[in-house]
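Both complexes below contain chain A, partnered by chain B and then by chain C.
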Partner chain A sequence: MTKTLISLAAIAMLLFSISVVAQEDIAPLNADTAMADAMSVQAAKSESRERFRSLDQDVQTLKKEVLDLNRDLFLLEEELLFPANSQVAFFVSMDVGEYFELDSINIKIDGKEVANYLYTARETDALIRGGVHRVHMANLKTGDHELIAVFTGKGPHVRDYRRGATLNFEKGIGAKYLELEITDRVKKQQPEFVIKEWE
Partner chain B sequence: MNIRNSMVALLACVFATSILASSGLEGQQAPDFALKSSSGENLRLSEYRGDVVMINFWATWCGPCRQEMPLLDELYARYQRVGFNLLGVNIDDDSRRAMKMIDELGVSFPVLFDSRKEVSELYEVEAMPVTVLIDREGNVRHVHHGYKPGYEQKYLDQIRSLLRE
Partner chain C sequence: MPSGRLLLRCLYLLLALQAATQAVQAAADGRDPIVVKDPHYGEVLFYFYQEDYFPAIVRLLAARENQQLDDHANEAELLLGGMYLSYGHHLEAADIFERLLADNVAPEIRDRTWFFLAKIWYQRGYIDKSREALSYIERELPENLQREALMLEAQILIAAGDYDAAIARLQNWKGRTEWASYAKFNLGVALVRQGRVDEAARLLDDLGNLDPYNDELTSLRDKANLALGYALLQDGQARAAKAPLQRVRLEGPFSNKALLGVGWADAEMDDYQRALVPWMELRSRNLLDSAVQESMLAIPYAMAKLESISQAADHYLNAIEAFYEEMNRLDRTIQHIESGLFFDNFVNDDPLDSAGWYWHLEELPEGLEARYLFHLLATHEFQEGLKNYRDLSYLHRNLDEWQMNVAVYGNMLETRKEAYAIRLPRVQDALARADLDDMVSRKLEFDSTLNNIEESRDWLALASRSEFDMWGEITSLERTPVLTADIPEADEVGDKISLLKGVLQWNLERDFGDRLWRIRRNVHQTGEALVATQRSRRQIDQTMRLEPLRFDELSNRVYSLAPRIEGTKMRVEDALSKQRAFLQSIAVGELQAQKQRLDIYTVQARFALAAIYDIAATVGDASQ
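On to the complex of A and B.
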């Protein structure tokens, strides 16, 4: 307690002596003081700018960390929910799309409906531009399975069009990727629907 | 001691009622969906991210829906240009009936058909109408069950405040 009091008194003395010295300097050095003030204001400004920049950097780093964390969580969730050994993923791709305007895709595995996806104009546009859409992900036991994909949309001459494609595939150990590909068959002026297995 | 017990019971009761009254979706990310619309296009909720979105679940057999829809259409017409969107979700089995009612009422907002009732299940729709307000970030902010005259003022206030965010 006494120590604190002593140190407080010392600080007060020091402050007092500084103010006395400062007052003595005021009269003859007015221009110098103004200059010093301006410099100190500038220093304060640059310091605050620096602090703001470092704060901004902190925010950016934090944002990046959040994004990284989000990505890691997503991957972890996928690994837990769809272990590689039983994982099957279905992708949709479209080439040209002159003879077919995609509306929806319905996927059945072993007679059971697993996905029914409606495509918006933006999504179809993205597919035509070369995008690949993962329409469904599932866990399947090893062995033989049957996939039926039904494509609905507008065919040639803007007529309602509905076509199915079937694939019997074998699920072994390790992840399986299947691609539902929509292409244009120019000779027949018809769309073509193919299911491919990714090696 | 008895007073304390009864106070605890009362508090528990109030707590339970408040849980029942508030929708479980409020404050959560709005479940995404895509449905066929009255114009023939497929519309997906997530494509409206950045706008304030109102989803109005309705059916042709619901009287209050008939009252409410023209009022909602007025809100849509007024705030559409400043980032407000309204999606009507019809849950009838037969979309033709819904189309007839849209024509009768002359509403202009997009109406989507949820004949498989998947979206109404996602949004825990247990009464008609149900109106859900979603903010620009895609979070459910307000859920209104049913409709009574005067609710439109509540909607107006909430839309304006969400648009200001």
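On to the complex of A and C.
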């Protein structure tokens, strides 16, 4: 055994591992040209990169196919379960949300409880940022119906807060969208709960 | 890592492209609400803000298909591109951006988008596309992105083997930030590769003496010192190599290699006594580290040089045994990885939400494999491969769920068809019995009769049954012959009858208008009810005509989707197995390399041991 043999092996191993550990966001260099086997390492890496890329392209194609398939299935499911002529969708939205921190919503249609939804902090945040949550879908006959929504959460001064809102609405032919909107009444420093038909 | 936030901020800017100034301000803030005009668009945002990209994309595609995003058409398209990017569906995202960013988009936004695409493509190994995307950047990016872009460009040049160009790029680097330090490091290593050790030494030495203000820079300083030390060692400058190697922290991740290097520097200068000091320190450290493994050979080598032959032999024997055990462990680990269990457990332990691109392995999996593969797990290629494996597993589970649902929908549809077939004859019978046309003509007759009554002011026609009977009684009494008798009582009764008749007539005439209005109102309401009934009848007729067609259409969709799911699922399974094989081959390759190194060490140890025994035998023979 010679001193050189060991130290060269150490350097080869070392420089390779430096590069790997150093890859944070933009990877630094990963081999040493001085080493006899650097070129073969590079060639192996290049081959591996090509293989990765080919697999990645397959994954990309599959992602697209599955997304398209999900779109078709989503539409089919909706049409099957909630045909357009009887469909009513209930959406929840928040405007600002300074005076109310939403915990849950309870929905009754014609006196019958149909939904009781508990919100996570992540979902509430998404609502505050402009997201709209489809909280419930129903099939209703044409004619008059009554909707009662009860909002529970923390009101001004972090007090427990529970408020209801009612809307009598007419279900005609075709899908109907109702929006349960939580807004801030700045003058009164209170939240306001409104149910409206989406136009 | 701030890139996720930056991409979101970029996307907010993209979203605001078509909107008014207020929306731009909202976009800049990133937390203010966006005015949602279509509930379906708001629903997409609801999932997008939660970083649930898969359901968000599906909802957007579905809403677009149903033309429910008319008020947000342009924003929706940009959002889709952004979400594709976030989900790691970068090729589709690029298609959208290329289409949308071609014109009418602020250059700043276009440049930023190209930068992010370039970065993602680089990480995914699409070096050519990454380089192309960078070439589309027309103006200077914001400072933080500009630094990163320059680094990215240099990396691309290095990956392409164009070291001189990379050096030229990095030499113009003026910033004094973390990026500057990384740039210096990369430049230093590039120079070493070119054999320009002196130039590299200046840069790495500068970096190796920096005063770090965070862990990242401390780590980079260690790496620079280590790289410099070994570069000098390799260049035959053992004395100079010691200083940078000794600057590496004793307890950091690079300390083992630094200690090994310091020992070799001393050994190069024939100071074996001194070389033993760092090497002996390594003995107590983890044998998984290659530097520790090598020290097990270096120690007896130095001892032999110091003529401590028997101690050297003991150390060689220990090393051979330790290497043997380590190789057995490596064999077991290779077997475990080849069985596929490692990656299955990895996915099973993961919640598999759809975070996509921003997902990052936060914790190493349990077990020996992770310790052996620590370095590998940190590489882009392995990380991206794991992401793909994870994404494919998500797709597989998604398709599994749909497969079950579609089977249920098929049954549901069949049940509905049966129920419809049972109800249809009953409905048809009821419809046949309800003669709507007769009802309509009767209503029209009522209208005509009422018109006649009104025209002739036939107040008696609107009398109630009792009034009509009373009227008949009074008129019959009028005609009673007794009333014609010439007696006072007859006159008196005749007067009373006339009075009664007059009162009744007066009442009927007085109420005529009111009664006529009420009856007309009732007839009108009947007419309205008849119109509604006719409308319902038309709907029922239409439904009876269309429902079988609708059933057929839904059946076709359900039954055509089922094989589509099955086919896609099989392809996903195939891709999963290829991806697993790819990851396995990288992991096993890494472990085989470690094993091969141990093999070489073992051979060296045996050879050295044999040499020691030879010397001992020769000395023994000589002494006899």
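In this text, the second predicted complex is superposed on the first by the 143 of 199 C-alpha atoms of A that agree within 3 Å, B and C clash if a C-alpha of one lies under 4 Å from a C-alpha of the other, contacts with A are read in each partner's own complex, and residues count from 1 in each chain.
Just so it is clear, a residue touches a chain if its C-beta (ideal position, glycine included) is under 8 Å from a C-beta of that chain, and two chains touch if they have at least 3 such contacts.
Since the model is a prediction, treat every value here as computed from it, not as a measurement.
Engineer: More residues of chain A are touched by which chain, chain B or chain C?
Structural biologist: Greater contact footprint in residues on chain A: C.
Engineer: By the touch definition at the top of the document, which applies to A:Ser104: first (chain B), second (chain C), both, or neither?
Structural biologist: Touch status of A:Ser104: first partner only.
Engineer: Does the superposition put A:Lys187 against chain B (first), chain C (second), both, or neither?
Structural biologist: neither
Engineer: Regarding the shared-chain residue A:Glu123, is it in contact with chain B (first), chain C (second), both, or neither?
Structural biologist: The answer is both, since A:Glu123 touches chain B and chain C.
Engineer: Using the superposition on chain A described above, determine whether A:Lys141 touches chain B (first), chain C (second), both, or neither.
Structural biologist: A:Lys141: touches no partner chain.
Engineer: So, A:Arg159: does it touch chain B (first), chain C (second), both, or neither?
Structural biologist: So A:Arg159 meets neither chain B nor chain C here.
Engineer: What is the contact status of A:Ser48 with respect to chain B (first) and chain C (second): first, second, both, or neither?
Structural biologist: second
Engineer: Pick one for A:Tyr177: touches chain B only (first), chain C only (second), both, or neither.
Structural biologist: second
Engineer: Please identify the positions on chain A that touch both chain B and chain C, taking each partner from its own complex.
Structural biologist: Touching chain B and chain C on chain A: residues 122-123.
Engineer: Can you list the residues on chain C that touch chain A in the complex?
Structural biologist: 1, 3, 31-36, 39, 41-43, 45-50, 54, 57-59, 61-62, 65-66, 87-92, 124-127, 148, 151-152, 155, 158, 182, 185-186, 189-190, 192-195, 216, 220, 223, 226-227, 230, 233-234, 253-254, 257, 260-261, 264, 267-268, 290-291, 294, 297-298, 301, 375-376, 378-381, 384-385, 388, 391-392, 395, 398-399, 402, 405-406, 409, 412-413, 539, 554, 557-558, 561, 564-565, 568, 571-572, 575, 578-579, 582, 586, 589, 597, 600, 604, 607-608, 611
Engineer: Touching residues of chain A toward chain B in the complex: what are they?
Structural biologist: 103-104, 117-123
Engineer: Flag every residue of chain B that touches chain A in the complex, lowest number first.
Structural biologist: Residues 34-36, 41-44, 47 of chain B touch chain A in their complex.
Engineer: Help me check something: in the complex, which residues belonging to chain A touch chain C?
Structural biologist: So the residues of chain A in touch with chain C come to 1, 3, 5-11, 13-15, 17-29, 31-34, 44, 48-49, 51-53, 55-60, 62-80, 89, 91, 93-96, 122-123, 125-134, 173, 177, 179, 198.
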